[in-house]
Structures are given as C-alpha cells and as structure tokens.
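Shared between the two complexes below is chain A, which pairs with chain B and chain C, respectively.
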Partner chain A sequence: MQRAWQRLYAWLDERLQLANLVEFMGKKYVPVHRHSIWYYFGGVSLFLFLIQVVTGILLLLYYKGSEQLAFESIQFISSKVSFGWLIRSIHSWSANLFILAVLVHMFSVFFERSYRAPRELTWMTGMVMFFLALGFGFSGYLLPWNELAFFATKVGTDIAGVIPVVGKPLMIFLRGGEDVTGATLSRFFGFHVAVLPGIFTVALGIHLLLVQRQGMSEPLHVAALPANGRKTMPFFPNFLLRDLLLWLIVLNLLAILAVFFPWELGKKADLFASAPSGIRPEWYFLFMFQTLKFIPARIGFIDGEVLGVFVFSLAGLLWLLIPFWDRRSARGERNRALSYAGLCAVMYIIAFTILGWVL
Partner chain B sequence: MEYPPQLKQQTSRRSFLGYILAGGFVAWLAAIAYPLFSYLRPPKQAEVEVTSVKVGTLSSLPKESGVIVRFGNKPVIVVRTAAGEVRAFSATCTHLDCTVQYRKDFGSIWCACHNGRYDLNGRNIAGPPPRPLDPYRVSIQGGDVFVSKNV
Partner chain C sequence: MILRIRRLAVAALILAGTRVGMGADKCFECHTAIADKPSTQFAHDIHHRAGVTCAGCHGGDATTDDPEKAMNKEGNFIGVPKGDVISARCAACHADSVRMAGYHVVLPANQFALLKESVHGQKSISGKERIVQCTTCHGAHGIVPVRDPASPVSPLKIVATCSSCHSNATYMRAYNPALPVDQREKYRTSVHGMKNARGDAKVAECVSCHGTHGILPVKDVRSKVFPVNLPSTCANCHSNAAYMKPYGIPTDQYEKFTRSVHGIALLKKNDLGAPACNSCHGNHGAAPPDIESVSKVCGICHSLNADLFAASPHKQAFDERHLPECETCHGNHDIEPATSTLLGVSSDAVCSRCHTPTDNPQGYSAAQVMRLQIDSLELSEQRAQALVAQAEQEGMEISEAKYRLRDIHQARLEARTTVHAFNAPRFATAVDKGLVVSASVAIEAQGALDEYIFRRIGLGISTLIISILAASLYLYIRRIEKR
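Moving on to the complex of A and B:
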C-alpha cells in the first residue's frame, strides 16, 4: 500500500514538480499576535462560498426560473423533494453568513491596514468579490419570486435608474424591459448562476494566489518588532487544522440555523398588488435603504435619490481605492484619522441597519 | 535628420499600412461589439393599447376604500372618498416604482416601501415622493365605473 502511494506520488511529481510546492508549503508561516483571530475570516468566507456552490448546484436540479414556475418550484423543493427544505434553508442561511463573514474579513483587513503595499491587488480583488457578493444577494433574493423580493427588486433597479445618463439604459438592461417582470427573473437567474459565479471564480483565484505568494500581512505594530520578537505558526499543518476546525463549527452553526429557523418563502409575487407594509431589502442593504427613507425628495436643485446614490457610489469608490490614497499606512506610519473615519462608518452602518430593522 | 527620399516614402507607406490595420481592427471590434450590445437591449414588446378599463360597479366600491386595477400592464389605483367621489391615479409611486395603496386610517394614499404619502388628489404630501401621481379619468355609466387615460 505504502509503495503504491509512493509510486503515485513519484508519478505525479515527475509531471507536476510537486517537490517545489511541498517545500513552499513547508516554509509558509502565519504570524501569531493578539489580532491573529481575524486571519480566520477569509477562510470562513471561502468555506461558505463553497457551501453556496454545492447547495446552489443542488437547487438547480429542481428550480425553474420563470414567472409562472419559480415560486411553485421552490414550494416543490421545500415540500416534496427529500431534504429539499434543508438544502434551500442552508443556501439562504449560508448566503447571509457569507456576507457577514465577508464584512468581518473586509473591516478587519481595513483596521489592520493589511491592504497597504504590496497587497493593493489583494484588496482590490477582495472588493470585486464583495461587490459580486452583493450582486449574488440581490439577484438571488428575486429568484423565489415572492412579494417582498418583487418590490425590493423594483426599488433596487429603480435606484440604478436615477444615475444620470447611464441609469436608464442600465435599468432596462437589468430588468429586461421597462418594468420588473418575468424577463427580469430570467436575467437575474442567468446573472446568479452563470455570470457572477464565473467572474467571482476568477477574482477568487487571483486573491488566493496573491495571499499564497505574499503570505499573511502583519499589522504595523507587529511588523515594527525585531525579527526575533515575532512569533509564527506553520501554515501546514497547524494553521490549516485550526481553519478546518472552525469550518466544522461554522457547518454546525449553519445546520442548527437551517433546521430550527427554516427560511420562509412568503407570498407569490403579484404584479398588480400594492406593496405590502414592512417591506425591506436584505439586511446588508438596510442602511442604504434607511438612508434613502430619510433623504428629502429634493435637496436644493437635485433629487434626494440622485444625491444618495452619488454619495454611496463615491464612498464605495474611495473604499475600493484606499490602498492608493492612504499614503501614511503605505509608509508604515499609523493613520489614526482613517481609523476613526472607519469606526464612524461602521457605527453608521450598524445604527442605520438597526433603525431599518425596527422602523 | 533628413531622410533620403526613398526612405521617406517607405515610412509613409508603412504608417499608411499601420492606419489601415488599426482602422480595420477597430472596425472588427465594432462588428463584434455592436450585435452583442444590441442583444443586451430587450426588444420593445408590442403592447395592446388600452384606453379604458371597467373597474366594477359603483356599489362594489365602498366609501373610503381603494382598489388596484390592471390598466394594460400598469397598475392604477381607484379610490372612493368619504364624500363618495371616485378618483383614479397611476398606482406607481413616483419615488421608486413601488405600488401604492389606500390607507383608510390615514385617509390618504400610502406607499409601503419608503413611507411616502399622497392626498386623495394624488399630490405628494409627505415622505420622499418627488412628484404627484398621474391622474386617470373616471366615468360612471349606469352604475359601472370606468377608468380611462387622461388626455
């Protein structure tokens, strides 16, 4: 048996030069310090993404992406297919935990300044995946074709429509017409299962490659320590095993949530019904939704919405380009003002999310 | 530096070929991009031109109530005021495209999405809506309520 493995390894090594890889893995170390815990959230995000891929493919076996059949096919999955309710519930819960894990990962990278040179591309590919994750959430939300999702999509795509010049064509492109109809559902289905996963996979590949090539970033205060004052842990097997243990815990959490709090389906969308009260988007869009509620119809000479969309887009762009304008962190200096600004942003997001939830 | 005449001719011939190639490449890209972008734009669906819709009988519309009716592929809200008058407006909120509803407790038209309010003349009176709701014409013929486009 042992010999067979050795022969297989030798055969693969001859073709793939595995020895280099094994040597690389053996030399990979993860810094150990009081903020090490944040290193795990990237891995958790990856794990939840993999869960999404697997459960998504399983749902595809029964889901039908059309106005007449979408809602019914999910009813069928939830009530007739063996463990269909579990797969759907896991997909929905995992989607939300994925966004949560990604948010934690993103903000921890921000506060640790891990985006600073030479890791600008890791940050940018991460941001691309973050925007794609929001796209996954927005498009996936519509697929059950229920009342809440229908109006959330009307509002969401209409917001895209307020952007000057490109807004209207963009809205029509997203909706597949002037209004949200079955054509929108077909498009969103295509985005959700083909377009977004395709781009996401490329971004993820680059992101992971960069992390492997450059190793884990050290926070400024650790990087400033003398070489003999820094503690590390081998990536393989120490860090990897911890990673796997956490994945197991997350899987258990997911199973508990999916079983005890199964995801609701709601009422089928009716194109000619009033929007129900208590309508709200997914929680990660709530702070923007709530802000739009507070903005008056007109501020000076521009529409409230246009201003809101403009400010959020600008904030998103600044956020994406942080590694390039935060020169202090790039030089290895502390940037307290930026930390406070980030803290304010986090508090604003949390406060408005809670407001959106209770109001 | 002065080029000999035959070399000058050669460079201009070369740059001419360069322009032809680059221009051809751009035209080739356009020939690919144009059909692709055209494909992304959904075709205009032939709409049945609706001019008038029967809502129902007047007696089916109690005072201080509202109902959504289908007008072509747009929703229209028909409300009956406390005084018994019937009015109709586009039910599409001018804010962000949600469908509005009549709220008896407010005595006004309300949009659930962002808490926008319109009075029973369709005027935006509170919340984010930037414009009034478009009015529709209501006619009552022999106890039946009809809604038609306001021309």
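Moving on to the complex of A and C:
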C-alpha cells in the first residue's frame, strides 16, 4: 500500500515538482505560544467558506430565483431531491458558523494586535471579507422567499433608507424599486451568487497570499522575546494537519446540526399580508437592530434612527482603519485602553444580541 | 311668619313653572268654541288630560284670551312646529326625567336620543330633518297611551302605522330602494299576522322584533334582528312558558337551537352564514315549514343534499309515509353535527329506525355496509393525519402531503353528501376516491418517517467515519510531533 502511495507521489512529483513546494512549505514556521489556538479560526473560516461554495453550487442546480418559484424550489429541494435537505441544511448552518468563525477570527486578530504593520492590508482585506460575509448573510436570508425573510429584508432595507442623502437611492437600488418585491429577490440572488462571491474570491486570494508571504503574526509579548526563546512548529505538515483535524471536527458538528436541527422553511412570503410578530434579522445583525429599537425617535434635532446608523457607520470605519490610528501597537507598545474598548464592544455585542433574541 | 309664607309661595310658583303650559288653557277654550279639528282631537289627548296646554307645544301664552297676546310671534309663539322642531318640542318634556316625574309618569327619558340614533333619525334625504318625528307614529293632537287600542302604535294598529310608509314603494324608494315593501302582506300570512288580525295583541308585530324608538338597520350589529341577535329576540316570547301558554306550543326551541350545529355556528362562532330562526321560518311571514316544504327550506343552503334526496328512492317512501324529509333523520331546532354515526344500524344511527333486519333486510344491510365504508375512510384519514403529524414533528418537509390531507377531508365530505342519494355503488365510488388519496398520503408520510430513520443512521455512520479519521489524524500528529 505504502509503495503504491510512493509511486503515485513520484509520478506527480515528476510532473509538478512537488518536492520544491514541500521544501518551501517545510521552511514555513508557525509561532507556538499560549494564544496559538486563535490561529486556527482563520482556517476554520476558510473551510466553512469552501463548504458554502460547494453546497451553494449544488443548491443552484435546483433553486429558482423568482417570486413565484423560489419558495417552491426550496420545498422541492428539501423534500424531493436526494440529499437536498442535507445540502440546504448544511448551507444554512455553515453560513451561520462561518459568520461566527469570522467574528472570532477578527476579534482574536484585534486582541493580538496582528493588524499592526506590516499587516495592515491583511486586516483590511479581512474586513472587506467580513462585510461581504454579512452581505452574503443578508442576501441569502431572502432567497427562500419566506415570511420571516421577506419582512426582515423589508426592515433591513428600510434602515438603509434612513441614511441621509444616499439612503433612499441605496434602498431603491437594493430593492429594485420602492418596495421589497420579486425584483428584490432577483437582485439579491444575483448579489449572492455572482457579485459577492466574485469580490470575495479576489479579497480572499490577496488575504491568503499576504498570510503566506508575511507568515503568522506574533503577539507583542512573543515578539519581544529573544529569537532563541520563541517556539515554532512547521506549517507543513504539523500546522496543516492540526487545521485538518479541526476541520473534521467542524464537519462532524455541521452534520449533527443539519440532521438534528434541519433549517426550517416557514411560510411562503405574502406581499399583502401584515407582518407577523417576532420579525427579527439574523443573529449577527441583532445587536444593531436592538440598539436602533432602543434609541429614542428623536435626539435633539436629529432623527434617532439616523443617528444610530451614523454611529454604526462611524464605528465600522474606525474598525476598518484601526491599523492606521493605533500607533502604540504599531510601535510594539501595549495599548490597554484599546483592549478594554474592544472588550466593551464584545460585551455590548453579546448583551444586545441576547436582548434582541429575548425581547 | 309672613316671610316664610312668601318664601313658600315663591317655591310653589317655581315648581308650578316647571310644568310646561299648565294652568288655564285659553287657546283650547277658544278653539273648542269654533270646534276645529285639532282642539276636538286634543280634548281626548293624554297631554290635555295631564294639564298640558296648547302652549306646551306651540308656544305663546295660553293664559290670556287675547289672540294678539296669546299668539305673539315676538314672544315665544312658534305656530305649527315643523321638521325636527316637532320632536324637539316633545323631547323638551319627554327627555327630562325630572319634569316627567312631575306628571307622575314613568316613561324612559331616552326615546328622543334613541330616535336620533335610529335608522329613522339617520336616513334623512334633505339633510335638514329626520324622516320620522314623534308625531309620525304617535299622531299629533289625539295622542293616547300606547296600551290604548286607539293609539296608532298599539299592538293592533302598529302594523298599519308602520306600513303607511313601509308599504309605499314610491315613498320608500327615496330612502332605501333595496328594501322590500311587502312586509305587511307577508305579515298577514304569518301566524303572528293572522292572530294579530283576529285581535290578539300578544303576538309579535313590527316593534316586537325591530324595537320602537331606536330601530336600527338589520345589518347593524346592535339591531335586535341582526342574525346573531335574532334568536334571543324571538326567544323573548317563544321561551317564555307563561306568555306562550295560551298557544300550546313548545318553548324549548331557543334552548335546543343554542345546542344545535346551527346555533353554535351562529351564536358562538359568529358565523353570519349560519341560519337564524328566520332562515327556516321566514321573518315577516313567519310560520312553521310544513312537511312538504321542510326539504325546500333546508335545501336553500344544503342544495346538493336536497337534490340528491329528491332523486333518491327515499323521496317517494317518505312522501307516502308523510315524513318530513330532512327533519326525520336530522331533527329541527336541535340539529347536531351530521357525523357518520347517523349512518348505519347502531343504536345512535337513524337508518335502523325504519330499516329493521326483519322488515327491510336489504336496506338494513345496505346501511350496515355504508357505515363500514365511511368508517374505514375516517380511519384511513386519521392514520394519514397521524403519520403526517409525526413526520412533521420529526422536522421532515412534508407540506405537499399535508396539503393533500384536505383532499381526503373533501372526499369524506363528498361521501357523506352522497349518502343522501341512498345509492350504494355511488357511495362506494365516493368513499374509494378518499381511500385512494389517503393511502397515497400515508405512503408519502411513512416514506418521510423512513427517511428520518435513514438520516439518523446515515449521520451515525458518517459521524463514526469522520471521528475515526479525526482520531487517526490526532494520533498521527502526536507521532510526528514526538519525533
């Protein structure tokens, strides 16, 4: 058996010069320290994204992106297509786990200050992918064309509409008209399967290239150690195999979730029905949704919702540009105030997500 | 002492002043002298007897015999009241309970308020005055108490009073062209109308059902004859055993109706499509439907059942035995939901009341078979429902099968309707249609349940494989990291 593998490797090596690649990867080392665990969430995010791509392509074989047929096609996929239920359920569950993994990855990078020079572009491409992931979630949520998704999209695009000057045109662009209709579904479908994946692939390529070129970032306290005091492990095969191990565990988790908690389809959207109770966006938008609900209708002379959207936009911009204004970390100094601010942000997101779920 | 007497005198004068136009009625004296019609009628008017003078309604000064002073238009003399002023003049006393108490009369003080809210108060075409004023029904100068047979609103005269407008097609067209004008004609053919015409003042007439001053359109939910209110309106008399005693008819119809399928639909579920008393008995022409017409009455709504029955062999058999068609099996006021238990030969079934094993073995056996067939359809429907519910409970996508449960239900309803044809092959065909659908739904639901188990097994196997792979990988990583 082992001989057969060796023969196959030799055959491939002769044609692809695999030895060079293995030698290159063998020279790559990953820092080992007490926070090394967070390195794996980038890989988990990548794995879940790949699952999204594969299951998404499979769903495309049967899904029909029109007002009349979208809901029925998902019904068909779930009930008639062989393993269609599994593919759909995995697609839905991995979408949510993907956002979760990306969030963990993003905050771990933040707390480890891994965005500091020379990794500003890695952070920014990561942030672009995070925003695109939210876009994937928002556009994909509408595609089954069910009641909850329909009204959540209505509320979500309404919020976009309150942005001064650009809000209204943006809302009309997103909806394909004044209201959420079949036209909205068509363009959300287009965004979900063509526009967003296209941009995402480019950003992912740059992100991975930068990671490979620059290697893993070391936390400040590790970077401060002398060269002989730092522990490392080879990227290949050690780190890659550990990555694979985690991927297998995540795959197992996905299968269990998909079988025991199949993603519900709900009722078909009715454009003329009144909104049912309990309309809420996906969990990763809940903290913003709940905050906007708490903000008074008017604060001084400003509309409360406009102020909320403005504050969130500003926070997002600051977050995106953090490598450029966090000068202390760039100089290799500890920035406790920023860590506490990040901790407060995490606690706020968790608390408001729970509140949004409970209330 | 003198001061106290003066005070008492002033108080007496104030009290006396609250009784409008009381005291010497010089108007009446002069007009009686010339024997004009109003004064002749007013001589018998209850107001005259109570001491109300002409000035009470017409204004002016009834204490002087000088016409210039008595009918001084610069004073408060208004002449003949017109339009809404008529009712306003009446209401000046009748809406004032304190003032009415001065006449030792106990009358509701809300008649005017009710009239204003009523259809007669609301449906003005000129926008200036109500259709009906107090005098329209009660008359003007010869007003007598309602219980006086001479009153135009007394039980024996009210029909003529109401129909003076309501039977006038030309007049009614201006207010409500859709409203029939044959109520009086129908009423005369009703049991109520015939007894009323014979002088029975106890039977229902217009106001018994529609009310008096506050008559509302039939479509108004507050109306006494709005469908959900009508049964209790009829029951006011028909459930009063003492009141109904002279007529010798049962008084439990309302109580039975409230328990019936129709009563529950109408009174509890507020289903306005469900029949009220008038749907079967008629309203203005109310009378019990006779044996011949029962099926026609029921057939107004249950038309398919009535048609099937009319073409069935039972039609002739029932006619020959003078049996009312629908009522024989279903009853009348206390009609219960027509479940399958009515069919067959069990103790609660109705077929065996006529079809005994000895007298009519063929009918007996047909009823027995039909019951078995409908029972099997019911059972197969229940099984399909249970399987679909179970599959749904397990999170399986089974909406198509769930939707087709309606087809089974529909087939069962069709089968139950087909019973009225009393044709065994036709009934069997209807039942088979339902059985076929329920079998296919059951197969689909069972398939979903099998799929559910398959998924669990599949998950177990794949989890095991992935776990073995993960464990092997873990061991391999440990091995290479030990090197």
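Keep in mind that, in the parts below, the second predicted complex is superposed on the first by the 336 of 359 C-alpha atoms of A that agree within 3 Å, B and C clash if a C-alpha of one lies under 4 Å from a C-alpha of the other, contacts with A are read in each partner's own complex, and residues count from 1 in each chain.
As a working rule, a contact is a pair of C-beta atoms (placed from the backbone, for glycine too) under 8 Å apart; a residue touches a chain by one contact, two chains touch by 3 or more.
As the structure is a prediction and not an experimental result, all values here were calculated from the model.
Enquirer: State whether A:Val259 touches chain B only (first), chain C only (second), both chains, or neither.
Expert: Second partner only.
Enquirer: In the superposed arrangement, which partner chain does A:Phe41 touch: chain B (first), chain C (second), both, or neither?
Expert: Touch partners of A:Phe41: none, neither chain B nor chain C.
Enquirer: Applying the document's definition of touch, where does A:Ile249 land relative to chain B and chain C: first, second, both, or neither?
Expert: In the superposed model, A:Ile249 contacts chain C only, not chain B.
Enquirer: Is A:Phe110 in contact with chain B, with chain C, with both, or with neither (first, second, both, neither)?
Expert: Neither chain B nor chain C is touched by A:Phe110.
Enquirer: Which partner, chain B or chain C, is in contact with more residues of chain A?
Expert: After superposition, B is the partner touching more of chain A.
Enquirer: A:Phe352 contacts which: chain B (first), chain C (second), both, neither?
Expert: neither
Enquirer: Any idea which chain A residues touch chain B in the complex?
Expert: Spelled out, the residues of chain A in touch with chain B are 151, 154-155, 157-159, 169, 172-173, 176-177, 179-181, 183, 271-279, 292-293, 295-298, 303-305.
Enquirer: Residues of chain B touching chain A in their complex?
Expert: Spelled out, the residues of chain B in touch with chain A are 40-42, 45, 68-70, 73, 75, 77, 91, 93, 95-101, 111-115, 124, 127-130.
Enquirer: Looking at the complex, which residues from chain A come into contact with chain C?
Expert: 75, 78-79, 85-86, 233, 237-238, 241-242, 244-245, 248-249, 251-252, 255-256, 259-262, 264-265
Enquirer: In the complex, go through chain C and note every residue touching chain A.
Expert: Those in contact with chain A are residues 395-400, 448, 455-456, 458-459, 462-463, 466-467, 469-470, 473-474, 476-477, 480-481.
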